[in-house]
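Structures are listed in the sections that come next.
Presented sequentially are two complexes of subunit A, the first with subunit B as partner and the second with subunit C.
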Partner chain A sequence: MTETDARPSVTSDPRGYWAALTGAERGVAAFVAAMLVLLLWGLVSGGLGPTYFMYLVGLVGMYILLSFGLNVQWGYAGLINFSVAAFFGLGAYGTALLTATSSPLTGGMDPILGFFPVPIVGIFVGLGLAAVLAVVIGIPTLRLRADYLAIASLGLAEVVRLVMLNQRDWTNGSAGLRGIPGFFDVWPVIGDLPQTLPELRFQELEVGLPGVWTTRILGFTIGESFWSQTMNVLLVTVFVAVTYLVLRRVHQSPWGRVLRTIRSDEDLAEALGKDTYSLKMQSFVLGSVIMALAGVFYAHLNLFVSPGDLNPINTFYVWIAVILGGSGSNRGAMFGGFVIIAIQEGTRFIGGALPESLPIDMPSFLGFVESTYTTVVDNFASTRLLAVGIIIILVMRYRPEGVLPPQRELIWPSAARTADVSGGVVTGSQVDDSPGPDDEGQRAHDGVEDTVHDADDATDDVESTGGTDAADGNQPDGGTDATDGADANAGDDATRGGDDDE
Partner chain B sequence: MSETTQKLRDGPNLDKENVVLEVDTLRKTFGGLVATNDASFQVEKGTITGLIGPNGAGKSTLFNLITGFYEEDSGRVTVNGVDVTDAEPHEVAEEGLIRTFQTPRKLEGMTVREAMLVGAQDQIGESFVSLFTRPGEVAEQERKTLEDAHRILEEFEIGHLAAQSATDLSGGQMKLVELARAMLAEPEVLLLDEPVAGVNPTLANKLRDQIARLNEQGVTFCIIEHDMDFIMNLADPIIVLDQGSVLVEGPPDAVRNDDRVIDAYLGGPGE
Partner chain C sequence: MSVLEFVANGLVFSSIIVLASIGLSLVYSIADFANFAHGDTMTVGAYAALVTFGTVGTLGGTVLGLPYGFFVALLAGTLVAALVAVITHKVIYEPVDIGSIGLLITSIGVAFVYRSVIRMGFGADFTEFGIQVLRPIEALLPYGVRVTEHDVAIVVSAVVLVAALHVVLQYTDLGRKMRATADNPDLARVSGIRTNRIEIWTWIIGAGLAGAGGGFLGLFNQLSPRMGFDILLVVFAAVILGGIGSVYGAMLGGVLIGMINQMMPLISNFGQYAPLVPNEWGIPIGIEYANAVAFVIMVVVLLARPNGIMGESAT
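After this line comes the complex of A and B, so read on.
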């Protein structure tokens, strides 16, 4: 069958694992590795404070959640939702209104019954608000063609933002809500953890070859703020992991399959007896709730929310993440979320890292070069939109399906594995053998050539074996290995942007 | 009435026994244009009923009305005695009336096998909640469906296409897959809209053999087709539509030689 047949495990056979990856997967892995090296260097050299580093990791997690949400709507069902920021904002305001000390509604609630932390209620309030709004906007638009939802959601985003801005009695208007506690602040025991954890002091070191080149590294202190950011990272890791597991289960199932059919041809889905309105609604609400979860996390990460967080640009960042990563692919959404933060923060740091004036003395008639350079460096942060624009154009031109397009057949994995199908169960090579819908090795679909290749392989199989259980011999190995890689990554690497495998 | 079905009759034969699909005075207008003009006909269980007529006779409109894609102005549609007149398309499908489309619908990003699986009805796994509460049942049903899908593909002699991308198929292969997928839905009646339009003669013959085979297994068909050779060799009875209503109905030979039918096709006197 395909070369991914018995997919090597990343732990036992790293070289074989690398060889089995598609070109795009290698590129992504290399990119993520390079970013991590850069980040580590920034951390070690003191250019990037450890607390801020953890904050960034939290933001990556938040963008991954947002991308997951939009991916459920656009990637799975083809629903065009331009109000990502609104659902995100509802999540953020939902929990903030309940917990913030400056909240005009509650003035910051004490733990219920003296111990039950309010942020947990905040999750349900935020998610509930988003779900209700999703249903309300879905009822009139989801029966119509896709464009109506797009237009309505574009308006909805503005409506929600303007309500937050102008409904001062409820939301403090443009002043925003301050004094939101960290998610764990009010928890018994856990809430005191950042204070009780030890303070670690890293002495400044001078490294390098004395006399030739030296630089100073470390020289920072890890203290309370770092520990509380670390707890935020743990929190978002849990959010991402849970969401990912839920999505993985529902996507590779009859449910996910019908959604993909709807995305492709809604009339056909109807003709085959599928209640497309109901399924679109489910996908829309699910996606919106995930976006609101990102909002809840953001409120407790940033400790301040304002109507500015609902600006439309945030919606489009998420769209870019999903399109860049590959619509319909969860790990694509992870990668996209990671790239967005890399661009947003990278442009900030590169601007600071570059010399302020051109290091070469130019002859006077080339003065414009120098002045252009200074202008660009001074305003480097504002090149991020340019960078985003260029990336989108390049992706659309050279890889319209996204960097990591979906590669799996949407078939319940355990069923695909056990089905007794003549000609060899091709899914056997793509599916692992853990219970329930789980990870699988990938189909070698990576563009058209591979699709054709796949078909050829299948044909070969039929011809060469013709037997019933042709592929069975290979299945357990390939499957198990895929799972190993997957499970390790799903939990640990989720916040890093799912660098190698789902 | 004493007339036998061997003869051609004016208008539809509405005295069939064992009617599975009944269309009663369906009417649909688009602005001033009467697309379907009080059309009535019946499809008897176990038959292959051909639906022919010149361009613009209202065949496809009729299909869209029956399957719920269009709202009718008046009239009634029943499947096995169940009124599906105002039903949504998916509700009509649930009553066992499955249709195909004139231009095959390609499913982007799906393999043939995945595209097949969508045809299965009453899937537990299509309920979001069941995916979490009843995973074992979902797996069991999915396994059975997958095996059925492969079996049906084999019966259609396109088993080798199972893992191929659904968008890479030729038009003829796509028609075969559509038919195969419809079978996975275990329909009471299968409405085929021009199954051999744009299909090469070899594949067309294959399609005809398949339809005949399925019919022998008890599937009822109602087929719109412009290819006269194809439909005349396959269907009995043939219903001729003209200007939105049923002109005549009868066996292929009688229809073929009827002056009114020829006039309708060639734009003769008519009305």
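After this line comes the complex of A and C, so read on.
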């Protein structure tokens, strides 16, 4: 989680930090903590193999990357992209075609090209393919109404999937590509690391109150496969961190501001002389490339790609992560990544834990209950789809701005600091924001120097974000949106800071 | 296969697409959003028909090779689809106030809920109505056309439904109000039209036609929980081709897209069917890309004529 410096830091003042969070932020923090505890419990209790545990952590990272990519398109610029799975798949296939042993194009190629291990080249191939596709999809659709982009992108994603499925001589068709090496496998030195790292054996322990309740924990060995998954997790951590930092910088830059203006009022941006088409294209390509990066990582994590990875449902998993987390909010996107894994693994776990047939005997006239139960359990994978659908509906109904709408993220940290000093409250829903004396002093000190410049910046923000929300970009009359409220809040405070300084 | 046969197959498939695209276009123009749950509404209709057909049985006689019971089932599918759509409208779409894009995203959630509920009840596999497959009509075989009476039934039913819709839209009070609402909801409202009632009627008609189309699609191919979602993009292509908001454009777009979809072999083996060109000519593209071609055509149309071939001049 990222905080601007204005808040109490989590390490030096945990209580103040907790108090400064909004209700939603607390809920999210609690959810993420609970997820982590659950995962760790699964690991410790032996329900989750250590290798699979690391694999899941890698998947969380992958979904976070995907959500970042969609956030650039939908969250920043208001582009409805329903072809997330296509860009993700292109990234995965790009690197897989180059590295997989069963690849019809390059199978059995030397794993070191010149000085570079092939996966490095794979990144560029995957990202390049995605960038080209993004331009190809963007040219006809980005000039059109937003809902056309939705339909056209879903259609073109389907075209990509059909190509992967049917061009057997290129992609192996529905059999998919096997034998993809791990990202670091073919690297000199680093590739041998998993073998050379020691094998650790955790002795099985019995914990609990003897006689009352005991359970066995630990009792697993971590070895080579665990270490290589750990390296994958490290890799995705690097990917996520770099992307996050780049996006944060980009989001706060003038470029990001213009994009937000386009999202809220494209005509206004155009009237101000901005080339909205070109800016939308830039964000479309940027987002698609990030999705492809997630795809590249997935190929080397899963070691197998197939056209099934391009199914539209994968697109909508990412959509959930973004709209649930809060469109335009990268913190929200991180939260969304956890939620997706919670849905996927939760339904898998519950489905596996449910008994085959009802544990109680039903009277015969209630036989349909029994048979319904059996069919539902048989098709329990469908509950995943159901959960996705219900979450979409509920979020759009009750919290269209998402759980963690962007607030502070939109403002330069130093400007937020200034606003804190002079205006007091920063986030609208904050109940109690009484900073301790030591914070105050530090902030005042930091804030003074670049106040004027940043206040101007922040005022710009108000102009660009205070308009109608992109969710109703086509409807001039529908400007009342909850996102609006959030944006306006952030803006208001910034203005307050600016005014006071003048 | 003769060219005529491709035309005949195209007509059958077009009928289904037309039924679906009219509903989608009506909802698009009056409820004002792209309803991604429309395809799954077709699935709902198809499965409702399946259940009804299993319950009522054949009911004796047959028309065009289809038992009476199937028509009862089709009616039930239509009604269930309409009912489900109206409930969804009342419970989900009406209370939200998030503009057309928000509704679009919501409708995807709705589509997933429909599909997952169907999948939980019926499993993910293909099923069939279990109506005996007929032999092609003898009288048409000399012309190289192999169509069954079922195909004829689909086309005739679709024509009847479309004609009925035309009469409703053009000559009844409801139709005039619907057109007025589609044209300018605010003006319609101040003129005393109860637009929220018109919206409900729109859902009833649009989803009802989709339900019927779903039933026919199940007869034409097979039933599966994904059937509606798979055809949705083809239907969108038809609607966009015709011009969003234009019901008659949707009909035309539906016919065109349906024809193109079934005539794919004509494109790949162009030389064999066209006179005066070598037999090898043709665009080498397999029928598995039929849907892809429809999308590409849609995108090309969007580029050249963003408002479709029969759309209004202004968005």
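What we mean here is this: the second predicted complex is superposed on the first by the 362 of 502 C-alpha atoms of A that agree within 3 Å, B and C clash if a C-alpha of one lies under 4 Å from a C-alpha of the other, contacts with A are read in each partner's own complex, and residues count from 1 in each chain.
Assume a residue touches a chain if its C-beta (ideal position, glycine included) is under 8 Å from a C-beta of that chain, and two chains touch if they have at least 3 such contacts.
From a predicted model like this one, the values you see are computed outputs, not experimental measurements.
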May I ask you to decide whether A:Thr383 touches subunit B, subunit C, both, or neither, giving the answer as first, second, both or neither? second
Who does A:Ile323 touch here: subunit B (first), subunit C (second), both, or neither? second
Kindly classify A:Ser174 by the partners it touches after superposition: subunit B alone (first), subunit C alone (second), both, or neither? neither
Just to be sure I read the superposition right, which of the two partners does A:Pro406 touch: subunit B = first, subunit C = second, or both, or neither? first
Touching A:Val250 in the superposition: subunit B (first), subunit C (second), both, neither? first
With both complexes overlaid on chain A, does A:Lys274 touch subunit B (first), subunit C (second), both or neither? first
Any idea which subunit C residues touch subunit A in the complex? 32-34, 92, 95-102, 104-106, 108-113, 115-117, 119-124, 229, 233, 236-237, 240, 286, 288-289, 291-292, 294-296, 298-300, 302-303, 306, 315
Please output the residues of subunit B touching subunit A within their complex, sorted ascending. 67-69, 88-90, 93-94, 98-101, 105-111, 113-115, 117-121, 123-128, 131-132, 135, 138-143, 145-147, 150-151, 154, 159-165, 168, 181, 185
Per the contact definition, I'd like the list of subunit A residues that touch subunit C in the complex. 80, 140-141, 143-148, 150-152, 154-156, 158-159, 162-163, 165-166, 312, 316, 319, 323, 372, 375-376, 378-379, 382-386, 388-393, 396-397, 400, 469-475, 478, 480-481
In their shared complex, at which residues does subunit A touch subunit B? 249-250, 253-255, 257-258, 260-261, 263-265, 267-276, 279, 282, 286, 328, 405-406, 409-412, 414-416, 418-423, 426-427, 435-437, 445, 451-452, 454-455, 457-459, 462
